[in-house]
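Reading through the structure tokens given below for one structure.
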Amino acid sequence: MISFTCDYNEGAHPAILERLLATNFIQQPGYGADSFTASAKARIRECIGRPEAEVFLLTGGTQTNSTVIATMLRDYQGVVAATTGHIAVHEAGAVEYTGHKVLTIPQHQGKMKAEELKAYLEGYYADGSYDHMVFPGMVYISFPTEYGTLYSKAELSAIYDVCREYSLPLFVDGARLGYGLMSPACDVSIQELAGLCDVFTIGGTKVGALCGEAVVFPSGKAPEHFFTMVKQHGALLAKGRLLGVQFDTLFTDGLYFQIAQGAIDLAMQVKKLFLDKGYELFLDSPTNQQFILLTPAAAKALEGKVAYEVWEHLADGRAVVRFATSWATTQEHVSQLSALLP
Amino acid sequence: MISFTCDYNEGAHPAILERLLATNFIQQPGYGADSFTASAKARIRECIGRPEAEVFLLTGGTQTNSTVIATMLRDYQGVVAATTGHIAVHEAGAVEYTGHKVLTIPQHQGKMKAEELKAYLEGYYADGSYDHMVFPGMVYISFPTEYGTLYSKAELSAIYDVCREYSLPLFVDGARLGYGLMSPACDVSIQELAGLCDVFTIGGTKVGALCGEAVVFPSGKAPEHFFTMVKQHGALLAKGRLLGVQFDTLFTDGLYFQIAQGAIDLAMQVKKLFLDKGYELFLDSPTNQQFILLTPAAAKALEGKVAYEVWEHLADGRAVVRFATSWATTQEHVSQLSALLP
Amino acid sequence: MISFTCDYNEGAHPAILERLLATNFIQQPGYGADSFTASAKARIRECIGRPEAEVFLLTGGTQTNSTVIATMLRDYQGVVAATTGHIAVHEAGAVEYTGHKVLTIPQHQGKMKAEELKAYLEGYYADGSYDHMVFPGMVYISFPTEYGTLYSKAELSAIYDVCREYSLPLFVDGARLGYGLMSPACDVSIQELAGLCDVFTIGGTKVGALCGEAVVFPSGKAPEHFFTMVKQHGALLAKGRLLGVQFDTLFTDGLYFQIAQGAIDLAMQVKKLFLDKGYELFLDSPTNQQFILLTPAAAKALEGKVAYEVWEHLADGRAVVRFATSWATTQEHVSQLSALLP
Amino acid sequence: MISFTCDYNEGAHPAILERLLATNFIQQPGYGADSFTASAKARIRECIGRPEAEVFLLTGGTQTNSTVIATMLRDYQGVVAATTGHIAVHEAGAVEYTGHKVLTIPQHQGKMKAEELKAYLEGYYADGSYDHMVFPGMVYISFPTEYGTLYSKAELSAIYDVCREYSLPLFVDGARLGYGLMSPACDVSIQELAGLCDVFTIGGTKVGALCGEAVVFPSGKAPEHFFTMVKQHGALLAKGRLLGVQFDTLFTDGLYFQIAQGAIDLAMQVKKLFLDKGYELFLDSPTNQQFILLTPAAAKALEGKVAYEVWEHLADGRAVVRFATSWATTQEHVSQLSALLP
């Protein structure tokens, strides 16, 4: 049985495990004060072309999102997200647990629209009782989104313009950032992205690491004493070297992007496979998550041989399903899928 | 330069890294639903002799403590700890961040006394205005303590008796549990410990793992939907296999205890070394952390060659310092220390 | 200038002030242990026909809602409300501040539908990843709603049936309860209401008191140590007598209901006035808040003479406005409005 | 039976009730936008001689303390208080509920010492692991303290100097401020106090009001959107006029201070009474709370006739008790006590 269920089904890219082995007995201080972490941060700053950036390595996605959001908001503020935003749906209320509301606006294939964001903010301040409501305090988008879709450079810029007009920081959740940047449909570079937001994350967990997300403040304006709050919010590791070694490896010789490129190439093959065999897409995703309308016949053919994630059962018998590729997906996996798919 | 600064200066026990390599491409579901985690849990239940136990694997110490405490308390309750308890001092206010007060009682070389706990509880309920105060809702102790000391079985039993008299769950923070259990001074087994508390942790980070703490509810009474709250509190990993593989390895063929035994043997050598050379102990620790009163001459002799942690400078010129051994400490390290120490 | 802006524009019903004067120097213990509070609670229990009920008197609406919700939910749970629910919109994020998400479902003139509630709950538990989401932990409705509308007994029963099927407590926010119960459209008595929910409030502030809301647990199952949590959440008064005297007065000889009846009678006159003069209703409210589509001509005629609340400006020049009557509204006020309205 | 139990045993000063009656039907907007509140704020600014001050009126003491503290701290900070500070002991963990630790230093008859505060702060920053701890973020003192004692101007200045050296705002809890300022032992005026802290409260509840505390930011630097956070934290009233009328009355023609002066005069009589009859003071309080060591004979003589608060029973049979006077205490009450006391 092979699995396209998600992009965290395997361990880590072999280069990461090798590096963990090679560095295992080098004694280093804890809590991110190790030399591997220092090197990883330097490489990330270099990669995005911003020596002034501040970089932090945290354990996982949910804790990263809630830590970033909680530490950038004041008590009276909430975070604006699309209704399908990960923080709004699938993080067990971690943001609310820090005391902040997730303020939702409509989604379009997982994306918010700059004009709807602006209309929301205008409507908020036009409401005479706005100081009895939760103030919009920052904007959250994911890149790629939960549906695998991408914002174009123009869309990102338009959103960021609205944010700046209202003095709201823009937070880009890059849990799958690599898969977004390497998509043929992507017209924004990581350097450009760094200039179009106030904070973004570089997801490790889903792009070849065992765990870990890098939080990047491109202009160096991290919340004061962010380290202490990372610990307080549960996102710190004693052996920070585990995160340091991984990100240092991922950002050496472009491994992070190579890994992502491989997954994207195979995802495009998967998409073509389904289209060629006459399946309909639920939506046209340019990244590593492909959403297909699977027929009962296909489901039966794959049963026990190929795993994927079911999102929804439609009235016509078909199911909306997700096939995800990752750094660990192989050409062989795709060939097997091709052979099995009716 | 060699370091005795702490027990998280290196990576992981080689057996763990080998196992991570060996299992790397086995596809498994995320969030702890993998087979390695299942196996680890089974081994831990078997080790403590309690098939009814519930076991969870979390990322790190602070997040584990605050998750356990927050999920076992009601809003009106706080957690009772010794003034030197880790949660009371060195966790960046993570417990308070969940809304709960840490109620402190006196410490004696890091330990609380059953009679003082009882006096505190009696005094609390004797106070006519107690319902304007924070109710004691659970009791937290560390084993070993932050000073490396251990509760005897009689002391543990006495504390647990008080807890049961007042219907308070007892939580034993075992961040360094292995080093406690393998101490020559320890008269309690892990099976007995499991019967003397309501929840305890088995620390991985400081005993050979890259990261991870096992939370054990010996009688199986975990808070309802603990999984969801672990995610909400930031202590969950998407690749739960990372924790599963590690604890499965640690609890195969007694590796966890062997690792701890080695560190304890070397810690006893370190202690003897200092005593033989005429140094005074700050306190007599039976575990892997040794607290020494270091003379300026010794500090000078070790400078740049042996690292350790300084706790406090005394008026007489000496310093209270900590030498910690770990699973990674070698006989060679101790020999070098011996050679250098005046 | 007379005001129909809201129902908290004046002080208190004269009987309340007289009673405060009469009792002013009677020495009584603080924090709700006074005899007035005891009497008020007894009267409320008698009024709803439930000797087993537990009653608490809190300072104001927002603090009451957030205290009730936070103390009845566990960390992993949120509260389900209509998108227009007061807690979802106009309480400054007070519920989220306690760590809990407000889970919204569609509103229909301010009301939720039992079948949509059920569909939401079914959908929630049908979602394979529900334990990564916020569990629905209770249901909140307002009676009357924020739009002045009322649930019929059948609607209430249907919602309560769904709640019981899913073991979710039902919380009825009665900030304007009196105005709901005294509406000609209301087919549920306070005794029946008490049997159709797990907790409800009797609003004092908007029905003749200076401040105060009574929280009623009809079956006596208040959260343990609710008193302490009321204090912790900021909803307690040292001089609990202020609340006790007010609710004791309101529930003596049916004053609470008489007050509400008077306001309802005048509200029906206001509605008729607008309809008779050809104005359109924004929605047909059977309670003390009337929502009218006001023409520019009318707005001009009332300017500087009659105050009301503007909710929204429509493209056709008209405005959605609210005229609210209260215990303090007089026949003279309505006559003036009638004389001025073109 | 007469009661000296506390200073919130009666209703309100008659002048307040009269004013509530006189203003009852004047229509005014809610939430503190009324003219009475505006006038009260202006009078308080004038009283302290600071036109730039920002003033807010909140419902009660605990909610005021936790709102001020939570809104002035960042997530990584706690508030420093004496171990006997009200927020540290008797507020049901309301501060911790907002996520912040109360950091305690020793008390001396209820007061902290500037040099011990400084030593604490020095020790904190000298600790190499301070960023794993809770940062001291503000300092809280009460004036008078929970033991009725007062800081001298020199003591206040010394504490404020330390605060400024460490850039920590100083918060003075004046729940009984009037009784402090009118004490014969007080050498600081309200104008001077306003210059020796960053925020202070003027307690209404214990000095003649039905409820309410004024929060004063003498230099006008209230936290942004403080109003919204007051609502979020449960300390707002819809009928803000209730607080406005009361503080407007208290600060008209010096009523607040006259009320306090009366209580202080009687408290000094009570103290003299006990001393003249040979009773020992538990401590020598210069304000309206007198702490006496009461003999069993006296307790018996007063039983059923005079109420007071028992703090502690001593081994020698005596009890530490509190006799509190208030705005409502009369010469007749003191005479009765005198006649009954053996």
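The letters A, B, C and D name the chains in turn, as written, and every chain counts its residues from 1.
In this section, contacts are C-beta pairs under 8 Å (C-beta built on N, C-alpha and C of every residue); 3 or more make two chains touch, one makes a residue touch a chain.
Not measured: the values here are computed from a predicted model.
Among the remaining chains, A is positioned farthest from chain D, on the basis of C-alpha centroids.
Interface comparison, C-D versus B-D: the pair with the greater number of contacting C-beta pairs is C-D. With centres set at the average Cα position, the gap from chain C to chain D is 33 Å.
Remark: chain B and chain C have CA centroids separated by 50 Å (rounded to whole angstrom).
Between chain B and chain D, the centres computed from C-alpha atoms are 42 Å apart. For chain A, residues that reach two or more other chains under the stated contact definition are 75-76, 91-93, 97, 99, 131-132, 228-229, 231-232. Residues of chain D touching chain A in their complex: 31, 70-71, 74-76, 99, 131-132, 135, 223-225, 227-229, 231-232. Residues 75-76, 78, 89-93, 96-102, 128-129, 131-134, 310 of chain C are the ones that touch chain A when the two sit in their complex. Contact residues of chain D toward chain C in the complex are 1-3, 5-6, 8-12, 14, 17, 20-21, 23-30, 59-63, 66-67, 91-94, 97, 205-206, 210-211, 228-229, 231-239, 241-242, 307, 328.
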